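Shared between the two complexes below is subunit A, which pairs with subunit B and subunit C, respectively.
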Partner chain A sequence: MLFTSYSFIIFILYYTIPKGLQWVLLLAASYLFYSLMSIKFLFYILFTTITTYFIGIKIGELHNIHSNYLADHKASLSREEKKSYRAFMKSRLWKWLLVCLLLNFGLLVIAKYTNFTIENINGILELIGSSKRLTFWNIALPMGISFYTFKTMSYIIDVYRGKYPPEKNIFKFALFVSYFPQLIQGPISRFDDLSETLFTEHSFDRKNLNFGLQRIMWGFFKKLVIADRMLVAVNTIIRDPEAYQGIFVFLGMLFYTYQLYADFTGGIDITIGISEVLGIKVRENFERPYFSKSITEFWRRWHITMGTWFKDYLFYPLSVWKPMLNFAKFSRNKFGNNFGKKLPVYLTTLIVWFTTGLWHGANWNFIAWGLTNGIVIIISLECKPFYNWFHNKFKVGGTFGFRLFQIIRTTLLMSAIRLFDLYRDVPMTLRMFGTIFTKPNIHMLFNGSLANLGLSLSDYFILLLGFVVLLIVSLVQRTGSVRGKIAESNMVVGYALNYALIIAILIFGAYGIGYDANQFIYNQF
Partner chain B sequence: METLLEILQELHEDIDFETHERLVDDKVLDSFDIITLVTEINEEFDIAIPAEEIIPENFNSAKALYAMIERLSDY
Partner chain C sequence: MKKKRLAISLLVGCLLLANLFFLQKLLMPKHVFGTLEGSLVEDYYKVEKNNDVIFIGDCEVYENFSPITLWEEYGITSYIRGSAQQLIWQSYYLLEETLKYEKPEIVVFNVLAMMYNEPQKEAYNRMSLDGMKFSLTKIKSIMASMTEEENLIEYIFPLLRYHSRWNELKSEDFKYIFKKKDMFHNGYYMRADIKPAGNIPKGKKLPNYEFGERAYYYLDKMVELTKKNDIDLVLVKAPSLYPYWYDEWDEQIREYAKAKDLKYINYLELIDEVGIDFNEDTYDGGLHLNVYGAEKLARHFGGYLKEHFNLKDRRQDKELKKQWGKKVDFYYSMKEEQVKELEEFGYLKSIFGDKQNN
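So, the complex of A and B:
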């Protein structure tokens, strides 16, 4: 409860100090929070904050010089001269951006991927028969580094693109980087979005408090009642792959989907809820992802801030990168207008998914997970003519039954791909996935084995009930905010629902493992 | 404008691009469509659409797209 109990102290202070100091309090609280995790981590976050801040200022100055020069010489410069000046300035801006990207992604790569690289080099050395081995580096991965590096790099790219001017106040910028509720598992906010409410003065607002607390409670319900309970069964299944095969792999896959959903969306609910109490608006990270009808739609609705990051800062820039455009031309000449046109898009898709996998962790299983996502997306794009033919022929497109089929198909597909994440070992994942078909052993569902997964009958019942509650909330959410509806409803109903939620968390929360912020699944990325 | 409409129509035959004003917001155009569009516009109009111009405001309607093309051709 470390994270939230800490927030409650901040809530009280936040609304008692002068409003102009609210953001200063948040900055102090964020740094204290981070130092409590480990004082060593401070070096990394300070490095990113300072380098990005100063390079941002430098890029801002170059933008000013650029626009002032063009404005002053508007009449005297020819079109060609303006063009060459723009190109000259662009290359200067680009150099500064590159320095910033190299420094910060460099630090991320060193901290996160050095041992993975050493492991692979050692593997190659063994393969070629050498007895030489590199020693692993003893380095702790700074908490939240993937999240705050992505946040700051989106800032510097936006400043480079002239989307907004750089932040002049280094302390405000430091707060943007370190804002504690989203430091450890996102969402990956954009500067222009978060800064709208992060630095402004906030008066105490009853509605914000109510809504924020409800959201925090809802997050805890998902995390403590569902995710931490489900975790027990998931761990039992993956820790003994010889005993749990076939139908248990299938069950483990569904259980993990349920656990990860409750864990990650619950964590984000808590982050957004804390921010809401503080009057700060944090962008949503999920939009009922398991109602998606295709895998591309799923990725538009799951971990949205990460997906849009990769789209805006990798997919599009890579697609319009000159060598890629040249490749597009070559590909069209070589493979014709149809496949030749698609090939560069597919190549970019695979690069983006490879990187997305790698972002999740320094391990081949994440890379396999990412690439499988990319391949499935490409296959579904290639199947478009077939889908069109099917829909023209059978006219089932809009029916409830077909939509349900699409939703179940997408869920199963995503769950199956996530087995890579579950077993953390590529050959093992493939072998276990195979057992679903080669030795399904469905009879084991009925011989009492389910009771050996560490969950009692009442646990299963709570999980089922939790599923129904989540489903109902998602269904209601389709037509607007659930909390808004509760606020508008009869006061008795509102109170009853709030108390039911609190009681459910207190009684059915799985507190066995000394819960704190370290234990959210997405912290490790 | 006509060339642009032809390019758009080739992507989605069933959409009225002359009147639609929420192509990205309503998810008519996904990221794959956008990249195909960018490549074709680049070639057809002899411009280079940079990544920073790939924002919903520029791709929500044929009119917005055309305004961007004119701006970039002028550049």
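So, the complex of A and C:
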């Protein structure tokens, strides 16, 4: 229901009004959508939009002053004077950027992490035997705040870096921040990417319509036929950890991997599809992540826009941050050129993954999840000499069997780490993970217990069929766009596939009364 | 080339729509076994629309009055537009729809529905609304009836509601996809089994006995609609022992009828006069009458209508005689069949299938 229900009306209006007004319609639609979803949080998005816009303008002006001054005084200024002027301007720019970052990340932190902080302070107070307790704030999380804050902060940092000039039109900027298909679960678009296509005039294009609709339907297939059906079994397993241990934890881990993939990529498919129908190109967020052969590769292919955000706006700046460079120097002196060189990289990696975890949710389980990812990446980097030795010795690197092993290993590893997200409780996650080895109870797979997970035999069949369809589509995708191939194929084949997709969604979709409450998992973030 | 492509697209579109329509028909519950009540509303569209009397209301009309007896005894043609837990706004809109097809002399409304002032259960809504033909009246009835969990779109395209039945389809879903078997007698749901009434407890004390504003609003609308169409509205309370009919409720209806100059007949007070024996004339312990009770009640009610209204005896009308002759034959054959089933199996196999599951 979230954003597809009125997209149809927007689509009709979009191609009937004068083209110059298309972006205005999108802005109105986005704000109407946001108001319908959570009018009480309109303040937050307006605050971010207004502060970022004006600070962006200010930073742009400073850049202009800077470059004009240097151009005007090119001949008269000495090298030192130029250097000193640059430093002076950089400090002014940095102050404005800092204000913007503090205001907006501050708002995000207050809205998202206040109660988490209070909970931890209370925990410490209890630990030291104090009877004092802080009162929790009655504060709800504004819809999409993590996504639009990251979008706007990437914009202001880019403007600060002089990557592009600030947007002059506040309404166009407001559209970039609030563009409704992306509000709930991303992707986290960059201004230079999205603005180009968001503000230009679009003529109706049959191909865009066909491709967009196919992408929307594909998203619904993944979401309604697979993810929402799988969710029933996942919830059954996690809600009763005493009853479902051992093999069920393992199954829950795999089921959740499948469910999350279908849910999140399905939601992004719908977002991209709606945009495509409107002629707007949105960055891809996934690239067949479960074909990855290592965890680093996985993170290059899963939630790409989030990964690149952390890389561009946290990892790199942190790596060249003066204190970090000092630490690198210290580390090299202390631990030698080999390990001493790696240490600052590992420290940066852990900081980035800690933040990534925290961004996903205000809970220790997300932090544990993030840090585990970081640690596994560091371990795999440390194991590189061993891998190299192994490959030189056994020459299995290029074989299909080994590649398959790597894919399965990465999938299992990522699924296991996701148990933190599944149980949302660190000690419980560790305990449940342990039961996979201590109480495997494999016989329960064959004693009818699977039927108690809330899924019928036909549901399992649909899920298996869905898996096969997803696998085939992913395999075909490796050699180019599936929709492009369908368009080039025999007309009958194309119609038959679309037809089958519509029928599958309508009949086998787990929607309607009893299913309606399920929303996209990522909309909490 | 363009024209060819357009033609193919149109053809495929039509095929898709036809297929979806077929799937919708297939997946909708057929209500030909067990919950036959779900088929009552749509049954109306099959019959001739020339009735003197239209009954509207819940199970207290479609299980308690026999139109065949009214015909046989008094030459009154009647139809019961009843459905399970029919709420008063649903009764109103069913009446509004019925008046588009025919104009009866009398409308009989069973007042038990006054006890509900809010939408109740989706399952019962479905039984009252799914069978209605698509019209503005249906939309209005849906809007008035929906509980919070329901959506209008799922009523307009029931496929969206019933799609998950794909894995529980039975042979009857295919057999009765477009045409159902005859199961009712001008809206009357026949039951020949007997289950004597035990001790029916008195109703629990209620915090408030006042009927709700919404219920009165639709009753007022019903009065207006019948007046506008020059139809007499009769309020009845059928002789069902449960749900409990409170004296305070009865008083309100009595006063309302008086104020609006309507006839009101409370059959709970006339059980002896009608001759109902709750050891013999009910199939579910006093909630509803069986066919023997329904015949007795119709006999009495027919006499009441004859006495108070100027209804003609239409038994000599050749056309009607022919039409109703068939109905009478079907009625008695079903009655005989049910008696046989009860003797042979101990339950109504034609209603509950091979295994009694009620």
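Convention: the second predicted complex is superposed on the first by the 517 of 525 C-alpha atoms of A that agree within 3 Å, B and C clash if a C-alpha of one lies under 4 Å from a C-alpha of the other, contacts with A are read in each partner's own complex, and residues count from 1 in each chain.
To be clear about the criterion, a contact is a pair of C-beta atoms (placed from the backbone, for glycine too) under 8 Å apart; a residue touches a chain by one contact, two chains touch by 3 or more.
Quick caveat: nothing in here was measured; it's all calculated off a predicted structure.
Asker: Will subunit C clash with subunit B on subunit A after the two structures are superposed, or do they fit?
Answerer: fit
Asker: Touching A:495 in the superposition: subunit B (first), subunit C (second), both, neither?
Answerer: The second partner, subunit C, only.
Asker: Between subunit B (first) and subunit C (second), which, if any, makes contact with A:162: first, second, both or neither?
Answerer: After superposition on chain A, A:162 lies in contact with subunit B alone.
Asker: Using the touch definition from the top, say if A:328 reaches subunit B (first), subunit C (second), both or neither.
Answerer: first
Asker: Applying the document's definition of touch, where does A:503 land relative to subunit B and subunit C: first, second, both, or neither?
Answerer: second
Asker: After the superposition, just quote the angle formed at subunit A by subunit B and subunit C, using C-alpha centres and rounding to the nearest 10°.
Answerer: Between the subunit B and subunit C centres, as viewed from subunit A, the angle is 160 degrees.
Asker: Counting only touches as set out at the top, which of subunit B and subunit C does A:244 meet: first, second, both, neither?
Answerer: neither
Asker: Looking at A:83, would you say it contacts subunit B, subunit C, both, or neither? Reply first, second, both or neither.
Answerer: It touches subunit B, and subunit C stays clear.
Asker: After the superposition, pull out the minimum Cα separation from subunit B to subunit C in whole angstrom, please.
Answerer: 41
Asker: Per the definitions at the top, what is the overlap between the subunit A residues touching subunit B and those touching subunit C?
Answerer: On subunit A, the subunit B and subunit C contacts do not overlap at all.
Asker: Can you list the subunit A residues touching subunit B in their complex?
Answerer: Subunit A reaches subunit B through residues 83, 86, 161-163, 296, 300, 311-312, 315-317, 319-320, 325, 328, 341, 344-345, 348, 381.
Asker: Which residues of subunit C touch subunit A once you look at their complex with the stated criterion?
Answerer: For subunit C paired with subunit A, touching residues are 5, 8, 12, 16, 19-20, 23, 27, 122, 149-150, 154, 159-161, 163-164, 166-167.
Asker: Tell me, which parts of subunit B touch subunit A in their complex?
Answerer: Those in contact with subunit A are residues 27, 30-32, 34-36, 38-39, 42, 48-52, 54, 75.
Asker: Flag every residue of subunit A that touches subunit C in the complex, lowest number first.
Answerer: Residue positions touching the partner: 456, 458-459, 491, 495, 499, 502-503, 506-513, 516.
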